[in-house]
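Labels for the chains are A, B, C and D, by order of writing; each one numbers its residues from 1.
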């Protein structure tokens, strides 16, 4: 079943694109067998990543893709923009900082909802965030 | 209306007494005009105070009383026991401590739900906690 | 995570409540809330479980069912807050652990025993307002007859005060073998403090040397709260003389040597401003009120007097210490 | 607090969703969750509001209505956790503020400029792994031709290491006017450290004096990570000789004076173990690997070399500093 769903990339330029990205993420996570709560958490993570692009970089992309590693199935989100970048990533990942609503807001929440979290960002070079949520071993016949 | 409800004292010796105290508190707070959420918070506060008596002092009393100060109506809870007392009150009121389930557990939560909080306790002399939740000015005709 | 048995228990709780609503089920519900939290069930999982539980209890209208999608979505944000509590708590615990080590280290800066000379009683009470104290005191034996005494108060918050205190301790410690008078010692420390700490911080200090043979106390003061001298013959408390610039303010401050001689029954009381800054009903205690308190505790051993005064002042300020508190009592017997 | 307009907005959101469920309402719901949290609406208030909202949307069966009493009761405990976040956050912020002051104070312990002598380049990189560093270094000018150099690493956590560091600074500072050799200085500091800090803590140190006329470096080592000497003529890195007990371990430790003479192009590299403990794919960097890194950065100014090495090692350890990092490069031109 999951073979039928390949990676999708959504351009984020308007707020409506955030909704589109959420919808794609929710559908794909449902197809991959994630429960309703996880579907919502994935949609929320997409929101956070996409809003950071929309609000602080102006434009960028979110790529949502099924992923398999060591026989385990998961969903991978990749957010890329060429915006101003995050000057202090260590700080952006702290809770106090994120509540201020600055660039990077919500990232600590995303990290906690997902299983893997990777961020690359430097001033002037944009930001790239890759997160993965695992769902469990690939079932037979899938 | 509130004049018809006077203070009530419930002896806490068995777990069932905790339920009785909650019921009295919920009824009285309803009569005093507290909303459903506050009724539940008051019941929860009574639980915490009563459970501390039941678990650590063995027996004691909870007194639930309407109270008026400066024309404002409220509910007062007084928990008294002759148990071992709390050796370090400052510590008992810290959040980390309360999660350990020791004597004094839940007290920080009670303090935050209520408007006033007073505690007197010393080893060997028992514990006395007085909390007040205000509801607002006395309405005419009440 | 929500397990199947937990879900069954929740359905049973709801069913019991529906069959005959009572406070006991509500009590159980509250206890269950604690249990769920302890088992790290997030609020969105709880709402989701509630929605599923309803299906087992009756015919759920479509609009109610659909509404739970919205409630869950809103709750995800509450879940994020819930998940953040863990990190707050663990960071806080780590910090507490660090402070505990620092506290132990600070204890080692203070003398572990008081000098013992015939004809002189010494009492000390030194209490930190928070974990780390900014008050410092020390006794250093010079020879068979004399010991040095330091009382100091460092401005500013705990950690930087503690750093400054350890500097002072080492600086005094490394000069102990040189025969410096109290004024020279303060001049020396003033330069070191000025060179090494932030201009916004400073240190007040009384440094002195007590000759237990002559019962003569020679000291110098750097902007420190004046102590008291009790003359037993007159039954009167006097302010201890001595002024001088706080340490770390000007590089060339000079200090003056003061001298007092204790007769039998006389008492020297040295302190930090935390003693006089005990709040009494929102007002700071005046020095003459403090004298009244001291007068009520005369005629006992120096340590007993120090303890009794601490208890009196703590009660006056309703068991709240706003500043670090240090009092040293020297009593010639 | 839940306001009337908020409640109306919530009802509208539910109604929109019921009329045509779409991702846009779910997105709005998530945003609303953030907004509710920011306005301090507790989770029990949210559930209660949800229950009330349902009444406006259709005929709510009695069992659904009653079930909300249970859900609210469970949620009160989640509300307590929600309310506790504030106090965690504010305590944490207070602590952060203290640490910021301590950090600034610690910066003042380090030299604000490097010595400048003809024929010698000096480069320093010193980075704390967390807010407060346990690495210490200092340069003190002795006269026109010579300066003293200290590199030290204090074991243990930030705050107590900072306290110990300020002791060392003051102790060295108060002894600067005495003409002590490196071995005597370490012997002296060893006694002071032993007397004043916890037995579980200790300090490793290299203390030396550099003669910029002879280009001769005389130093002594107290259990400190060995530095490197690069001989330009041979193109080879040697370990710097020198052993000795860490400070604070035994009261009577003796230290040996070592001496090296730098020829043109020779480089002295002094460091703390944070440099060698950079992790490369979970393995600590070996000293010979470090030499390879250093060899790749020869032939530039000492400060440039220090910077380049820091960047190389940081990248190797995936931008994670596990320990405080200090490297001092002395290069005879």
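The rule we apply is simple: contacts are C-beta pairs under 8 Å (C-beta built on N, C-alpha and C of every residue); 3 or more make two chains touch, one makes a residue touch a chain.
Per UniProt, the chains are A, B = Anti-sigma regulatory factor; C, D = Phosphoserine phosphatase.
Just so we're clear, the structure is a prediction, and the values are computed from it rather than from any experiment.
Should one ask which of A-C and A-D has more C-beta pairs in contact, the pair is A-C. Separating the centre of chain A (Anti-sigma regulatory factor) from that of chain B (Anti-sigma regulatory factor), both taken as means of CA atoms, is a distance of 46 Å.
Chain A (Anti-sigma regulatory factor) and chain D (Phosphoserine phosphatase) have CA centres that are 30 Å apart. With centres taken as mean Cα positions, chain D (Phosphoserine phosphatase) sits 26 Å from chain C (Phosphoserine phosphatase). Chain D (Phosphoserine phosphatase) has residues 26, 30, 69, 73, 76-77, 84, 88-89, 92 in contact with two or more other chains. In chain B (Anti-sigma regulatory factor), the residues touching two or more other chains are 40, 43-44, 95. An unclassified topology is adopted by the chain contact network, corresponding to no line, ring, star or complete arrangement. Of all possible chain pairs, the ones that touch are A-C, A-D, B-C, B-D, C-D. Within the complex formed with chain C (Phosphoserine phosphatase), the chain D (Phosphoserine phosphatase) residues making contact are 13-14, 17-18, 21, 25-26, 29-30, 32-34, 36-37, 43, 46-47, 50, 53-54, 57-61, 63-64, 66-67, 69-71, 73-78, 81-82, 84-85, 88-89, 91-92, 95, 97-99, 101-102, 104-106, 108-109, 156-160, 162-171, 173-175, 188, 192, 195-198, 201. Residues of chain C (Phosphoserine phosphatase) that touch chain B (Anti-sigma regulatory factor) in their complex: 23-24, 26-27, 30-31, 89, 92-93, 96. Residues 44-45, 48, 69, 72-73, 76-77, 79-80, 83-84, 87-88 of chain D (Phosphoserine phosphatase) touch chain B (Anti-sigma regulatory factor) in their complex. Within the complex formed with chain C (Phosphoserine phosphatase), the chain A (Anti-sigma regulatory factor) residues making contact are 36-37, 40-41, 43-44, 95, 106, 108-109, 112-113. Touching chain D (Phosphoserine phosphatase) in their complex are the following residues of chain A (Anti-sigma regulatory factor): 16, 18-20, 22-23, 26, 40, 43-44, 47, 95-96.
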